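Letters A, B, C and D mark the chains as written, and numbering starts fresh at 1 in each.
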């Protein structure tokens, strides 16, 4: 069932290790099948070294396990909430990558201060609000998805395909699981460069014209980067 | 004698190198046999490249060498003090890993400011008090154990399985030598992320609800992370 | 056509990966043929893993593609502007390397505060001015070259063969593509060391005598470093 | 001639690369033969990849090349000055390693704030004074040695076997070339940890008792670390 998507989600999970975004069993990638609306996701707490493509778990958008002998990632309800709210998304990544997690712990938006950021993310990477006692004590992972969705009110999730969950860590997404991983890697890099840049000059400013120029150079009808 | 434990302690020592926590002959791992209460520990000052499982030294809880042709780690009395005081411990690690050692040199507790920390350590990683002249000039390594034990008065060492020895470096522990190494790796990572997070926002705050939620997600009767 | 230069430019592009200056398809190297004034440059948005020497694109100084089945780097007009303005240049590199990009985002010159810097760059690495709306909305990549050229008024581009484009990232150059890569690697290293040094001592000072001594030790008629 | 020492110096130079202390042709190691007082040193500006043991250059303490077809390191007069002034030294290393160089650029002593430092260096790593015009314009590399020697007036170079040359970078030494490299690696690590520690707590303090204890645990008649 969904063998091709399982292989893609499996490869995307291994890419998290290859790019240094995760250690041990941390992190997870999922992908959604656009026709059946079934979601393929990494199993919970399994070593990357031992994981196989067939270990990927298939769940429906309500969280029922449709196929798979292992339990899905404990963060599955967060992924599903995002797929339900943002139908353009094809893949989602969650990591505790060093710099993006540090910004999440700092609890502030990651500002767009360079063309590297603007090449991928139109705006600052938003940081979510503090979760309430009801949210934490209730269906916590679902509510984590809900605070993300609330934070994106008025924002286009495909223009800025990542978020910092306060005191926790980043989620990133894209049209495919591979693109979601790509965005997670770039997020970690821009989080690192922003940390250093503010260390060099706490009063730095960004030219807003460059944000529009670089974002549109790679995205939208006038894009002219690459071979397509 | 205790061949299986020797192999585990040997592997755990090599894992310190693999995870980048030690250079040269720095660092050491020990494990205790729950039946005989004998402790297996790395020999002092031996290169990791040349070390073999049979080089591990067996000592009793009073520090007498029971088996082994090499001298045990000079930190052995610290390990033994912790095993005597904390009977739940099955393995202990000492490193001079970069960020955890820097926090030890800074001389302050490493605060719990993220879910990565809370997934493994219930509270701040405590930093010990300054050692007195009597402690330093006396049985120094034993007294190092004693200042750790004193710092844990009122704390459960299994809830927060690591400590920063002031001006020195971290010790971490667990139910097995492998778990102790795992905790030492996570400690290094959370020390790094906390350093960066405070650089981004010196006034950051942690949501205490998240600490309880994440710690209980992985520990205790209601745990639901992983496959068990 | 220009097979030897294509091979050199190709190798120089791969060296960016080897030295950790680029991820994904970021960064680009070009080289100019001194006789024909034709420029060989990396194609736009092609994976380094799949790139071959024959994928390099040949353009003339007006930007016309003379040979090549792929589109040249989107930064080609910047490279060409620099070749037209600085005839001593044989190779140009653009990266988003971590520390040099962070200084670019900080928007200030990278000061010459050590002999490592002075061994390669006579002066501070200049940071360009903010680009105007006309520049960003016009022929943006050409204008990026023009703001660099304007910043070098009164400076010798071969004495200080690198620049920080504000809010964007570094360009470096040299007599050959390989030398341009070498300078880009050194730029990243001095950017990192300067960041750390100012963290240690925000009030640090540089001995101007050392700048002259070290620069002249490696450059000009009295140079005595190396075997030549 | 001195084939064994050439091999040791050659290996020690390669170890600088292995430990990440140098890039390109930066850095150099020398060793002295205690009987003949001849010094073996790396040639100037030769790639580590292509270097062979027989490329090492033999010079006498006055700087005359006794054997070798290549020019010795441009820093040779600094090495020779140290060998003449500190007869206990058997090997010397010079690098531009990242954190030790950053402290040198910061221009202040690297304080002894942890037992890692105290295990190897009795005191703060001293930073030299600004060099005068006479020193820089005169026999510069010899005078670099002289400012180091002047800075060690009243200090024992074997107790604290390293120095930071202001605005330049570190030298480290030891009883052998291998020990000099070992000390250079530790210097880089303690420089990194001190940078981070002061970032965590600018007002940190060191327990002076720990310095004496740890230094004497590894050095002098009462040493008890290791197998000897």
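List of remarks:
One rule holds in what follows: a residue touches a chain if its C-beta (ideal position, glycine included) is under 8 Å from a C-beta of that chain, and two chains touch if they have at least 3 such contacts.
This structure is a prediction, so every number in the text was calculated from the model and none was measured.
Between the contact lists of chain A and chain D, the overlap consists of B, C. Farthest chain from chain A, judged by C-alpha centroids: D.
Centroid to centroid, with C-alpha atoms defining each point, chain B and chain C lie 46 Å apart.
Computed from the mean C-alpha positions, the centre of chain B lies at a distance of 33 Å from the centre of chain D. Taken residue by residue, chain B touches two or more other chains at 198-199, whereas all remaining positions touch fewer. Chain-to-chain contact here is organised cyclically: the chains close a single ring, every chain touching exactly two others.
All chain pairs in contact, by the document's touch criterion: A-B, A-C, B-D, C-D.
On the chain C side of its complex with chain A, the touching residues are 23-26, 43-46, 70-71, 74, 96, 98-99, 101-108, 130-131, 133, 136-137, 140, 166-169, 195, 198-199.
Listed in rising order, the residues of chain C touching chain D in the complex are 113-116, 182, 185-186, 189, 192-194, 196-201, 204-207, 209-210, 212-213, 217, 224-227.
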